[in-house]
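Here come two complexes built around chain A, the first alongside chain B, the second alongside chain C.
The block that comes next holds the complex of A and B.
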């Protein structure tokens, strides 16, 4: 497969020099996001996020399995991230690259380890039956800031998702098909979102949000803050790169909170709009006995 | 459950790929990207022709044998269409990402499905063709494909998952724009007579001549009106015409 082409020396210099003068190639402010758009599919649990030219599709599914023997009371929750050659021809099938490993690790830390999904509620019969919720993240197009876009997609897909209803009567587990009972939403505790900062120059003098692919290739370091809208930090990942002043990082954290609030508002709004779109006539329509023939 | 929506397509969805198309038909939505001709890996390199690489990625779960089989079928059919001799030592990479497929409301689906989903094939094929056209890869002909399910009393075009489940046999047929049979895959029990009927029905859907009014009335000798699907060739033609018109708008 062909290697991804790197920006030339001139291109690199141009970007960094412009950033020293607080200018970005696309004319954005340093702490401004590209337009973020979130759409849902016809099915439950399909969310597509567009952030500029970056496109991520997340799909949530659930199936019945046996829980892990060491955690009999917990359901299973996995996030799988795979960058296909659709993203760029340099990615190969079944050969994870560094980008992919870092992305899935960050998503795991942000969504799974922060306890956003109540895994105990996924357990049906202790040690015997539980739901295994799986989110597949498909990166359709990569133009920088994959982490933030993927995180929004995963959270939105999980909040949009409905799993089949199940009940236990006299020790017998019944899982209802969508035709029998309306599927139910997952028990969701909080919505964490990622905000990635890119640092440029010595000591990370310039910090900017939502870097494009070109800026990502030139940057001297990056730091990802994951927090929810209440300002509770789930994780901070600063993997290598130039050392950054602690005060600057604190400032980054406080700006991140305002961005997280904006993202959170957008996701809530889109979810509400989608709910309204699906709601056909409300409660009275549900009470109706006649079928749609 | 019967999602018999008209086919829809959007070109150039992905900004970084050479060509891309998102196509939805009969409840299935597939996104395809085409890159090519690009440099091939040593193991895929062929001295006289281009290597066509088809990758099918399911919406949920990891691809398995089912996807490899679909890939193999698509690869052999698409290699017939693309002028591979024009690009020796190159690679034409087609990635097909399934975005959504219709669900069967009467059963709880498993993530890993053992049997091959033939109903998905025409959408994959059609999306690949549209993406190849969008990427401007030279081809010998275009193709149209359709799936037909035969249950005890009726034939269903573009079957839903429930139709596939109850069907006796499922067939996928594709025809080139020169009315030649490109692909014929079948699954289940059927007789030669049945297959002949399927062939005629599929040919009627895929190779419908340009509308002139008279031909539309001839279809009613079929067993059910459901056996008449959308006019795929006309769809392909009109979408490409509008795309070209939009692309050359500046002229």
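The block that comes next holds the complex of A and C.
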């Protein structure tokens, strides 16, 4: 397996030295994100997030299956991540690296275990039929802070997604095509977002947001906060690294909330814009047979 | 130097009128051209065909992301590890390592050779670049035994990635007139307020910027990367330099 390319000693020394003077290589403030952009595909449930040079594509799909025997009333919701060799030659197909495992774990904890998607609403016939919703996350380009970008992509894709409408009459399940009935959005409860802090220095004295790939390779530790715009924390992951002062972590959490509100605003705005773009002027306008010309 | 600019595609036949003829010198083919005996010259990449009638040479200028070493290129190499006789260096990520002999430094003997740690940057010249062989580097002029500015890079500074074409333009003897890159002169001149810095440009798309002040390094590095990314002309570079100097205070 090819090894990851390491930055040179000169770069490592410079990044840490410059950070002591609160200076980042790309000229950002310590708590500033790179430009975050969110676009949706032609189909429902495809979201692409760019964060500087990092690019993540998420795609949500749904299919009918049998629910798990121990949870007959719940639908199935899975998130699968893929870091392909297109991202960097050190990633291989079917051989998850530590980065990939941690990324998928964090997304699971943030989106699935925080109950963002109401899985009970995915059940059609108890113990017999349910929807299995699956989100595939593809990392197209890796320049640091995959977690935050992937989380935005997953949440946006799920909120953008429409599943086929279904009904049960006299014990017969009918799934309607989009032509018969308008597909329905998923029952979405709240939108959690990740905010990752990177710590530098012996005691984690310098904390910065949205680290680039170079900064990630140099950092002494990191901590990911997942919360929604109401300030409800879904999870905090600090996987090793230098110990950080508790007060500093509390400060990080409060700054994270303002960032989450900004991200949340952006996603809401983009979703509203997309809805407007797709809206042809209501049901009657769509039924009209006359030609535009 | 270069007289004519024509865009060619791989495999395309070259117009015979473009091939320089010189009564004395033999025809020399540079990067991107291949001689197929008896007399066909075929481009192997898409780019600009450049001919130099005075030296009877022709080559293709192209901008790519993948560095292919060729002899006498100045490169910024990164030491990977040391073996008994030479250092293994990386010229670009995920490619075969280049070798740098322990004794290929100025005034180096078995006892006085520089001890380089893995990850250290070295400014070197490609001394051997054959097809299907690992390239070889040297930090000393083989004739004079002088370093000529080559050697391990020490001192405060940082390396930045730029495209190969931009690195080549930076390395031109008259980069402002021929390459259209005046950003370094501007940073050191009145537009940049006379910043003090030094650079080492590697043909493999890496530029090292050194200065006592980290702010200067950041300004210069960003100016180089932005100029490359946006493809700025001289006027755009002037504006960029002024903006960056004002921004990073």
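As a convention for this text, the second predicted complex is superposed on the first by the 282 of 293 C-alpha atoms of A that agree within 3 Å, B and C clash if a C-alpha of one lies under 4 Å from a C-alpha of the other, contacts with A are read in each partner's own complex, and residues count from 1 in each chain.
Quick note on the criterion: contacts are C-beta pairs under 8 Å (C-beta built on N, C-alpha and C of every residue); 3 or more make two chains touch, one makes a residue touch a chain.
Source: prediction; values computed, not measured.
With both complexes brought onto chain A, simultaneous placement of chain B and chain C is permitted, the two fitting side by side without a clash.
Of the two partner chains placed by superposition, only chain C is touched by A:18; chain B is not. With chain A as vertex, the superposed Cα centres of chain B and chain C define an angle of 60 degrees, given in steps of 10.
Of the two partner chains, both chain B and chain C are touched by A:89.
In the superposition on chain A, contact of A:26 is made with chain C only, not with chain B.
With both structures placed on the common chain, the touch criterion links A:179 to chain B but leaves chain C unconnected. When the shared chain is aligned, chain C comes close enough to touch A:5, but chain B does not. Applying the stated contact rule after C-alpha superposition, one finds that A:112 touches neither chain B nor chain C. The wider contact with chain A, measured as residues touched, comes from B rather than the other of chain B and chain C.
When the two complexes are overlaid on their common chain A, residue A:143 makes contact with chain B while staying clear of chain C. Once chain A of one complex is fitted onto chain A of the other, the partner contacts of A:190 are absent, as it touches neither chain B nor chain C.
Once chain A of one complex is fitted onto chain A of the other, the partner contacts of A:41 are limited to chain B, with no touch recorded for chain C. Superposition on chain A leaves chain B and chain C with their closest Cα atoms 5 Å from each other. Touched by chain B in one complex and by chain C in the other are residues 2, 89 of chain A. In the complex of the two chains, the chain B residues touching chain A come out as 13-17, 29, 31, 33, 35, 38-39, 41, 55, 57, 59-62, 93, 95, 97, 99-100, 103, 105-111. The part of chain A that touches chain B in the complex is made up of residues 1-2, 41-43, 46, 53, 55, 57, 59, 61, 63-64, 80, 82, 84-89, 93, 134, 136, 138, 140-143, 164, 175, 177-179. Considering their complex, residues 2, 5-15, 17-18, 21, 23-27, 89-90 of chain A touch chain C.
Residues of chain C touching chain A in their complex: 78, 90, 93-94, 117-121, 153, 156-159, 208, 214-215, 217-218, 221-222, 244, 247-248.
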